[in-house]
Structure formats: structure tokens, C-alpha cells
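Letters A, B and C mark the chains in the order given here, with residues in each chain numbered from 1 onward.
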């Protein structure tokens, strides 16, 4: 089994989840409804928790411990897709991002339940309940707001149009794509993207939202190779502000 | 922009005029739904509180994290508050059974009702069973006839039509799969005793 | 997180003359028997009014209290702290949700309460009008402000109003994690590097006076509350709660080798009461009336959050659902 390929897969998943979990946690105490504030925070906690579990697998494969990996790397060493690092803007943006990302994330984990690398397959089986909630939450909200008032529909549509190129960046192929498929680790980004598109379409179909034509969109890629938007480094600086006061200290 | 030590606050957009509050319109917080949770397999569902939501499905979604993120849970359901029929509340050892007039519903197809009793003032309503009846009050009466309350004093009784409830589906049972593993929310996970002891011993002259 | 205090100003008992004497007697007898009051029961107007006021202030304290700690979510050092703080601040929002619901059973809607918060008409715990400069300030709140709140909340959970007691039982169960987590954080600072220790000592110096205020004005100067004690709305005097807190936590702070910034603080072994420098109640009044370091920011952040959420709530309104007072 190609360890480098597995590590690359684990890193990009873990980084996606950490960065988006961090972004979504910024809403805590500022959400549009108390109940939604709580739900959104829980899903952010799930994401950070899943990223920790993945960093622990990486640690078992010889990488540094999760805190060091998460709190001391620079933007150029992160493999998250750019969609996860974009600032929060308004709630429509965060909700649409949650819908686009979590749909892909849930499908990715589902595919990984058959991963030949057993620890990852086991983790995938374990988190399925969390992902079921994330997609139930996202789909219910998108269906509701996507057919409600003119304002809610136009806000969601605007965010959907803005985010689609970034969402497609989630499926930026790995340099190890062929190895991952050959070794039975992962069926590959192309298959994932196809399934994702079908899932997105079926949720949007009963709403007033229009799915942009993906053929005409240039995906925003580069995140998987460490090429990020200007938003990631400030996020990381903030995240590690206390940790870096003394990285050797126990907090 | 608000000047703040809080980086999140520094990122907030400007909206409206500082200090100017646009009053909320009535019902800004939406409808009301009652939430029931089953803490363990085999245990009865108990009332945990309410959520405000626009419809039954979103109420279910919001209730899940509002009420089942911290303590053990195997299942959850919600019902709109206006669909809950409420008996009079009694006190001082008098049971609702004693004050509820017997009533027989009209002829017709009986419906399924869920019954919830308040075993003591200040405690939570607990599910006691399902009965068939044509009217809610008849359902309550039948509940007593069938001794679903186990002979206990009932201080208040709720009846809900089964079809008005958004239940957890069998596939959704996995929603709580990782709940016991979320140790970071568990008091028992924060034991500082050893570190403290070592520190105190080092301080000793 | 709520410590009581400033809740029961200006109580006039004359209103009671207009209440039905038989109903009033039955109501008081029920409380004297130790039975809880439920929302559909008859209750004196004064009882309803003071309960709404108290539960609402408690709810506001939770939602505003989420801000000074919430600011550290994005900066918490390491996975363990980051996840715990996310869950802890989320709980505070959850407590607000529970408490607003309990107050709603008395007939005031959540939107009305939130409006009254933002306009400054109703109050919240004074302590959240102070800024959290460092990670240690955040740890101070998680441990000691929550500890103070728990002392108060455990007392209030024995009160007479059913929905408030149910909410508090749940809240207290959740707070045990907050308290342990907070203490854990402080133990790590205390046993850590010199810099970490200094961080906490500085936080303690900053936060001690507001913490003494947290339990409310001294009994010598606070409003007349006998009737509220009899009705089990207020369960202990401010000074009793403050004393209980000092009894439980001063030894724990000293154990860690920190200095509490009050040279007069000591336990009088004869009376069993703690003696301390009288807190500056003029400052307390000034801050509660809007002139604290963060009052404006807190309310402005809440106002912006509500404004930003407006389109969501408008989109969700539908004839399908209806507002009804919660049942319990």
C-alpha cells in the first residue's frame, strides 16, 4: 500500500475539516436563531473532532502529533480546498458552503467505508451518524430557504453562484489518484464529483434555486497543493495565537 | 465597525445604525414545538423542552442538537405545541383521574393517541403509552382505565395524536452513534488531580 | 452563567391588595407545602412579573456571556481546548434557549425579551461588561464565574416555579463539565511556565472585583425581598451566596499559589463568614447602568446578530406554524 498516497488523502480531508470547522465555529453566539446557533456549533465540533481523528491516523503513520500539525504549520503546508478558508460573510454564504461541502464530505466518507486502509474504513463507519445529521440539516435548510421569500432565494442563489467554482475545487485530483484507485483506497475525485453533482441536483430540484452549469465553470484549484487565498494565513495566525506564545508549554 | 478585542467582532459587517434597534415583529421566533427524548433503549420518552421552528421537519433538526447533544439519547421526537391536548393540573395528592370527566367520543374510526403524564409538579412529563380513541379527552380517560399510569398520582396529562409526531426513523437511530465518544463535553474527562498533586508536592519545603 | 443580584429592585407589595385573597392563600399554601407552581396555575401578578424579570435576566446573561468567552474559540490552544471551548460556549447559548423558553411560559415572547435586551431595557450580569484580554481571562470565566453561577443556580433550582426548576436542573447538569474544564485549564496555567502563571495572576487581579459584584449588592443595601423569599423566587440572600462561593473556591485558588487581590480577605472562624473589603457598589451601579468597558460592544454585537438573522427568520415565517406559549 502506498503510504504517501494515504497520507495525502488524510491530510486534505483533515485540513478541510479543521479549517471549515474553525470558520463555522465563528458563528457561535451570533447565529440567526438560538436553536440554529446550537446546531451549527455542533457540526463545527464534529468537523474539528473528525479532523483530530484523521491527524491521529497520520500520527500513527509517522507524522507529528495533531496539535503540532494543526497549530504550527503555515498556509503553504495546508492541503484544504480554498472553499473552506473563505471568510464567513452572511449566513446564506455559510449555509450554502455547508451544503456544498458537507454533501461532498458525506459521500467521501461513505466511499471510504470500503477503504483498504482499515483504520480509515473504521473511522468512516463510525462518523456516519454525524454525517447523516449534517446532510439532513443542510438539505432541510436549503429546501426551506430555497423556496421561501424573494430575499432568501436571491441570497442563496447569489451564494451558490459565488461558491460553485470553489466547490469544484474540492475535487482537485491528487497526484496519487491512480495509486489510490488501484490500491482500493479511494475511488477517486472524478467519481466523487459525479455523485456529488447528482446529490446537489436532487436537493435543489424542488427549490427555486438554479444550479449553475458546471461545464462552464473553471474550478478554483490549488488548495490541495498548498496554494491558498490570502484568507488562510490570517486564520492560522489567529488560531495559533495562544499556542505559539509557548509551543512547548502545556495549555 | 465595533472596536473590539474580539477578532470575530472586528470582522462583523456594518448593518443598520449603531444603537438603533428595529423592534422585532411579533412571532419573529416562529412556531412552538414540544421535544421528547428517549435517554436509553427501553426507557420511556420524556419531555425535555421546546424549540421554535417554522415546521415539523426543521423543528426535529433543531431539537436534535438543542436537546440531545450532551446526555445519552437513543431517540427523539417532536410535536407542534398546539397539537398537544392538556388536562387540568392538580395538586396535593389529587390525581387528574379524579377530576377528568368520563367522556365517550362519537362513533367513527378511532385514532391513535400518545399519553404523557406529570408524576410530580416540577418534574418532566413522561410517556406512558398509546391508546385508541376518537377524542383526546376520551384517550386520557382510556389511559386511566387501562392503568397506563401504573396507579400513580397523575398531576397533569397530555394527549397527542400519533400522526402529529415527527418520529426518528430506524435509519436515523445512527444519529447518536458517536455521542458517547464526545468526551470533550464530559466533566469526567477533566481530571487535573495528578498534576495538581505533583505541583503541591514540589511546593512543599 | 448568572450570579443573581440587581434583580428585585423597587418591589411594592401594595399590588397584593388587589389579588383574590382565597386564591392567594391557596397559592401560598402550595408553595409552603413544597409543591411547584406550573404555568397554568393562578399566580399573583407580582410573582409573575418578578419571575419573568429574573428568568429573563438569567437568559440574557447566558447569551451575552457567550461573547467574552466566544472570542477565544478561534484562538484556543490545542485541539482539546478548542473543542471544549466550542462546546462550552455552545452550552451557554443552549442555556439561553432553555431559559427564554421557561420565561415564555409566563407570557412574554422571546422576541420581546430579545428586544428589551438590545434596547437596554432589561439587564444581564454585570460581569460580562468586562473584556477578556488574554486566554487566562477566558479560563477565569470558565472556572470561577461558572462556579459562582452554579452556587446561585443550585439554590434557585429549589425555587417554586416548575419550568424554571426544570431548566435549571438541566443547566446545572451541563455546568459540571464547565466547572471541571475551567478548573483543568487553570491548573495547567498554574503548574505551567512562569509566563502562564503570570497570565492567570493578572486575570485574577482584573476579574476579582467584578466577581465580587457578580452575586449582587450587599444585603445591607439591596432591596427588600422577604415576600420573594416566602414565594421561593429568591432562594438566598446575595451575601449568603457570596459567602458560600468564597467558602468553596478561595481555598482552591490559594491552593494553586495565587494571590487574591484583597488584603482583607479572610474567614472569620467564629462566625464562619468571610470578611472582605466592601466591593465598590458605586462602580457596580455605574456599569449596570451602561457605563462599563464593554456594555456598548455587547449590545451592539447582539443587535448586529439579530439584524443579520432577520432575513432568515422572515423567510421562515409561514402560516403552517403558529406561536403558542410553551407548555412546561
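Here is the rule we go by: a contact is a pair of C-beta atoms (placed from the backbone, for glycine too) under 8 Å apart; a residue touches a chain by one contact, two chains touch by 3 or more.
Since we're looking at a predicted model, the values are computed, not measured.
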Worksheet item: If you average the Cα atoms per chain, which one ends up farthest from subunit B?
Response: A
Worksheet entry | Highest C-beta pair count, chain pair | B-C
Discussion item. What's the distance between the Cα centroids of subunit B and subunit C, rounded to whole Å?
Written reply: 23
Worksheet item: What whole-Å value do you get for the distance between subunit A and subunit C if each is reduced to the mean of its CA atoms?
Response: 36
Item to complete: State, to the nearest whole Å, the distance from the C-alpha centre of subunit A to the C-alpha centre of subunit B.
Response: 31
Item to complete: For subunit C, jot down the residues that touch at least 2 other chains.
Response: 67, 70, 74-75, 83, 87, 90, 94, 97, 188, 301, 304, 308, 310, 313, 316
Discussion item. Give the residues of subunit A touching no fewer than two other chains, as numbers and ranges.
Written reply: 26, 30, 33-36, 38, 41-42, 45, 49, 90, 144, 238
Discussion item. Counting only residues that touch at least two other chains, what does the list for subunit B look like?
Written reply: 7-8, 12-13, 29-30, 51-55, 58, 66, 69, 182, 184
Practice prompt. Under the touch definition given earlier, write down the residues of subunit B that touch subunit A in their complex.
Written response: 7-8, 11-13, 29-30, 51-55, 57-58, 61-66, 69, 171-172, 174-178, 181-182, 184
Discussion item. Which stretch or stretches of subunit C touch subunit A in the complex?
Written reply: 63, 66-67, 70, 72-79, 81-83, 86-87, 89-90, 92-94, 96-97, 100, 135, 185, 188-189, 192-193, 195-196, 301, 304-305, 308-316
Worksheet item: What residues on subunit C touch subunit B, complex-wise?
Response: 30, 33, 35-38, 40-41, 67, 70-71, 74-75, 80, 83-84, 87, 90-91, 94, 97-98, 101, 104, 109-112, 114-115, 118-119, 131-133, 162, 165-167, 170, 173-174, 176-177, 179-181, 183-184, 187-188, 190-191, 255-257, 296-297, 300-301, 303-304, 306-308, 310, 313, 316-318, 320-328
Worksheet item: Along subunit A, where are the residues that touch subunit C in the complex?
Response: 22, 25-26, 28-38, 41-42, 44-45, 48-49, 52, 66-67, 70-71, 90-91, 144-145, 148-149, 151-152, 155, 238-243, 245-246, 249-251
Item to complete: Report the residues of subunit A in contact with subunit B in the complex, numbered from low to high.
Response: 26, 30, 33-36, 38-39, 41-42, 45-46, 49, 87-88, 90, 126-130, 132-133, 136-137, 140-141, 144, 238
